[in-house]
Amino acid sequence: MGRVAVFLCHCGTNIAGVIDIQRVAEEIRKISGVAIVQDSRFLCSTDGIESMVDSIRSSGVDRVVVAACSFRTHEPLFQNALRRAGLNPYLLELVNVRELCSWVHEKEREKATEKAVKMIRAAIAKIQGNQPLERRKLPVIPAALVIGGGIAGIRAALDIADAGFTVYLVEKEPSIGGNMARLDKTFPTLDCSICILGPLMNAVAQHPNIKLLTYSEVLSIEGRVGEFSIKILRKPRYVREDLCKGCLICIAKCPAKADDEFNMGLSHRKAIYIQYPQAVPRIPAIDPSTCFYFQKGICRACEKLCPTGAIDFSQRGEVVEVKVGAIVVATGFEEYTASQIYEYGYGRYPNVITGLQLERLVSSYGPTGGRLTVPRIDREPRRIAIVNCAGSRDERHLPYCCRVGCMASLKHAWYIKHLIPDAEVFIFADEIRASGKGFEEFYRRVRLLPGVYIVKGRASEVRGNPDGTVSVMAYDPALGHGISINTDLVVLEVGIVASRSTESVRNILKLGVVAQGGFLLELHPKLNPIETAVDGIYICGAVAGPKDIPETVAQASAAASKVVSLLSRGYIETQPYTARVNSELCSGCRICVTACEYGAIRIVEKGGRSVASVDEALCKGCGACVGSCPSRAIEIPNLGLDQIEAMIAEIVR
Amino acid sequence: MVISIGIVSLAYCAGCEVALASMERFCNLIADGVVRIAYSTLLVDSEKLENVDVLFVTGSIRTGEDIIAVKEASRKASKIVAFGSCTCFGGIPGLGNMIRREEIVGGVFGSVQPSESGLLPKLAKFVIPLQSVVDVNYMVPGCPPPEPVIEALLESLVHGREFTLPSVSICNECPLNRDDKKPVKEPRRRLLALNDVDVDTCFLKQGVLCMGPATLAGCRALCPSRGAPCIGCMGPLPNSRDQAADMIDALSGVFYMIEPLERILEAVLDPVGLLSMFTLPYSTIPYHRRVGVEEVKRDAN
Amino acid sequence: MVRLTLFTGCFTLVKQVAVEASILSVLKYFNIELVVPRSVNCCGFAFRSVYPSLSLYLTGRLLASLYDAESSGILALCNGCYLMLREAIHRLRENPRQLEFVRSYLREEGLDLRSIPRIVHPIELFHDMIGIEVLRGISRGGQDRNTVIATHYGCHALRPSTIPSFDNPLNPSKMERIIEALGFRTRDYPERLDCCGAVLLASNPSLAMKMAYSKISGTARWGFQLLVTTCPYCFEMLDSRQEAVMQMFGDEPKLPVMLLTQLIGLQIGLSEGSVALNLNLSPVDRVLPYILRR
Amino acid sequence: MIPVSLEPRVIAFTCTYCAYAAAETAGVSKLQYPPHIYIIRLPCSGMFRSYYVFKALYNGFDSVLWGGCHPPYDCHFINGNYKARVRAALLKSYLNQLGFEDDRFRLEWIAAGEADRFASIAKEIVKKATSLPRLRFLDNSEVVSEWL
């Protein structure tokens, strides 16, 4: 049994005015194990601390109980006193007899005194189980991984790289650029999307600190903050990046065709292709599922024509391993599957398209070279309907707002009026949500365009007509009855969900996900929107929830600054209250693994048995594992199960 | 030297004796003359318990006569084995602690008061584990004790090796405990789920209550490895004090994403019966309030 | 041999006897035993919106009195009855208080809800219980394989989508597969899920007629040769009242309408009389040359 | 006056970041509540174990309070409160089946700023505990002594 020193603070009259300190001291002295009991008018004053240090030193006690005030304000001070007296600071127990006793029981002095005695007695019982603890410093590898090469990933990578750290930017497609590269213009300023994105893409390609890994996927991640080790699969391009000069002769001569994913299936590309003219890197990739050589064993036209001999059909996928200190996830969004919204007829009628398809149709490097036509019919539309909230704010599909559809619909109306000045555009919307910088102004500008009609009322159905046109039905509350508008083209402003690849990244990183849409869960929606439950992994852009470009860029820079501040400090400090496993008792039932939100617990082999093991760099000391361990094998030091039991028994005695 | 064994049976189903007698190793020991059953109302024809080397006690302490019998028998033995979960923890008869003894008798015999005739023993106030009456040398839990555990006990009795129970739970030896669990979204009632569970996947992972995490190992996961969730017959881990509390904690670590909470309660409709099926008299609160709790009125004046 | 309890519902008995006649003769062919219960009551549909608890009680009573341990389910011919039965099961399952309410009244009559039967819709019967393969087998050719047939499920067969039904409530496909198995063509059309108007017939007859007109004329413009349905109410609006509906809007009957069971009956070689085709009032004669095996 | 030995005893397990913070704020605001409630601080409600409740009741506490952060987002450790909630629900149904009143154990969400709420809960729970009878749990030896 340890020898305990008990210090009682009067706190002027704050404590002593209610609690009879002398009586408390008498009671406490009777307890076995208590070596000294000493009181002080203000324990936190210089005098108080000095006499405390002296008493600890001279009496040779090995545990200290202080009955005073809140641990929040005063624990560091008293811990420091213990340190100076040569004791480990975690052998201190601070009993808050001020906030929890004297201040709240001012009129019941007798009972408050009794309560204080019990509280101190419980602390003495508890502290017998305390052990000395240490904080540890762990190194941080000065490099970062950014997953996703859209605008969020590009911005984050550039910011981290500019601060002088190595960045690995992983993109699953052959080129970076993401969804922003698909856009023709951006709202509300209507500046050309690729014109502002292109320079950033080139900056990424040329940055000395950025290692660009396109056409690559993250396979596995191990380790912890400061020391992640990542395996990345580089899919074979069948074109050697070191030899290709980007002349693109190979593409011109390729005879095989495939659906163009970048143009949302509205046109065809070759089997050897770059996604779009501004692609970075400007190195083609061969799609083996359509290439004649891979399918039929003949052709090799590209190989024959390539002036640098860069085509290499024998390429294999290659796994590279990188080590980084922090990770940014920016895997972005994609449109909700529009064909699931059966009533809007997407997939059933060729003249029903999505917003992103319209972007490609009006883009100068899109399938029609910027001419707006009805797909597959190749006729210029005269009457166009834009259906807002397609799938969004709909319990059957996505209950949330996509946050960009309203402004996109206005932008799309503007595109149409710009390209076909006498066209009539009907926007079907419950309301237009224009709550951003310059948004309301843009709304007014588009609304005043002649031939743009905003119908207040959600479209209920899109119906085909025998003549090939489609009718949009809606209930117009202003008219009080249903309306039906005959149009040549319907644009669905489809809701957005986290990109498909997010799911696999999420499983690899063990990140949380929100209930709807597959977006990744932030640590706290208000105070920690960039951090995740896993230390050292940050999220930004649309993968964290629907958002527009400026918000995405701001978040990306925020994520980068979090990474930079972690990497530039160079080390992380563990907190001392990390869960510890008694592997004798641990049954390896994995319930703690499920309960731990920080991914800090893993099952390891030890002595021929599977037992839990805590990574102290990841453990936050919350005790969720302690609370759910049926084997009582895991404990937070100085908050042991027996210690708490001893407190219960002591108070009730 | 022949080791003589006496078996005293209390409130019991005879399963423990059957488990013992059906073990090949035990029969061989008898055939080889190493062990002799000196007394057992079920297994041998002997009228009186003489002095024996080892006394096996099976069944729960349910009646006053049980208490007297076990106390007397203990004087005639040098070692005492609490054999089976009924003896160690109260067992299934221990769930009788949910009802007062008068009500139990009334429920069975109606208005007839059989004990008044003196022919039937009177019930004890509530079921208690054996170690509350006599000092126990060996705790052998299980309903009935599984073969590996009996084997170890016999080894200890015959060869003097130390008899130790595992310190870990069923999960440690369960073949289904392979991959990390994820928070369960859909709890299911054990009986209703049995037709469509994947018998090759952890039951808890499928939302089915399995007592494995809070139950002592030793049976080599007999039930879970054969497609049935553990019901907890081996009792709590040695380090634990309460099987039900441990299981509630374990469930909360796996079920915490389930909404609404009623769905969990529907899946665990009879919490005492499911979580303390074998161990109620051994638990922290070992009985229903009206059985073992006296009320002291506070008078405000 | 599959045994099903038949629940015709009131409308079949008093107005659309063809529904019952055709299913009885068709199911004889498929060797399905139909048990006609001795006593039935209203399915409660009529009170659904005005007196919900009475309506639930009536449906509960129906479930109790139709209980038959030997039967594999209750075949509800009418979409309204089908809705009421599956909705009642849903509500009684979800809400123990309502269950107790219904049981307390049933107990007075010596009835109880013992187990929950499967509620079978005719489309489900043909698609899932008899099976597409069997239907493919009965169609031995002779019909014009270019005949395009429109399907009409009827709202209550599928919706509300929160209550489990036999098909996707917004994009059903089982009837289409049946039509294709019989050797005909079918395709999606915008009016496919539109309401026939029958439920409004009592409260707002002119709107009901308008809806029926929009359904019939809308379907007709896509060039279908026939429309097929199973529900007696829909059949009433689309077939029996077609002439009245069309005249009201200065048009004339143009869409042949048949029951699914009539179509199947003709395919298995039953006479027009035994599927009660003579009771159809829409111009079905036009389509007969295309679908009959002569 | 109630005899001292029969005065109510309530134990409160509180999480550091919400319920305990509220208790401290109540102190700073000098909100008065009865002194019969004892507060134990743990990092997070996810760490509260069921066994503590059984033990506390058996040892003689009249009532047990668990205080955690409001769901869904207040928990400092993401969702410890969700774990406490499931635990409390099961525990309550277990205790109810053993015949204990609802007021013997309760789980409350108390945000760090809700000092007055903490004080009023403390008042209420002590008041309820006073109206409940003090429990004396029979020991196993009392069963044995009836017969020997």
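To keep things simple, chains are lettered A, B, C and D as they appear, and every chain counts its residues starting from 1.
By definition in this document, a residue touches a chain if its C-beta (ideal position, glycine included) is under 8 Å from a C-beta of that chain, and two chains touch if they have at least 3 such contacts.
Everything quoted here is computed from the prediction, not taken from an experiment.
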item: Pair of chains joined by more contacts [C-beta pairs], A-B or B-D; value: B-D
item: Centre-to-centre distance between subunit D and subunit C (centres being mean Cα positions), rounded to whole Å; value: 59
item: CA centroid of subunit B to CA centroid of subunit D, Å; value: 31
item: Approximate Å spacing (C-alpha centroids) for the pair subunit A, subunit B; value: 48
item: Subunit D: positions in contact with at least two other chains; value: 49, 51, 55, 79, 83-84, 87
item: Subunit A, residues touching no fewer than two other chains; value: 595, 624, 627-628
item: Subunit B residues counted as touching two or more neighbouring chains; value: 246, 249, 252-253, 256
item: Touching pairs - complete list by chain label; value: A-B, A-C, A-D, B-D
item: Parts of subunit B lying in touch with subunit D, wherever the complex brings them together; value: 64, 67-68, 71, 98, 124-126, 128-129, 132-133, 241-242, 244-246, 248-249, 251-253, 255-258, 261, 264-265, 268, 270-272, 275, 283-290, 292-301
item: Residue ranges of subunit D touching subunit A (in the complex, touch as defined); value: 9, 11, 23-24, 26-28, 30-36, 38-40, 42-44, 46-49, 51-52, 55-56, 59-61, 73, 76-80, 83-84, 87, 119
item: Contact set on subunit B toward subunit A in their complex; value: 167-172, 177, 179-183, 204, 212-214, 217, 237, 239-240, 246-247, 249-250, 252-254, 256
item: Residues of subunit A defined as touching subunit C within the complex; value: 342-343, 345, 348, 396, 461, 463-466
item: Partner subunit B, residues of subunit D touching it in the complex; value: 1-2, 6, 8, 49-51, 53-55, 57-58, 79, 82-87, 89-91, 93-94, 97-100, 130, 133-138, 140-144, 146-148
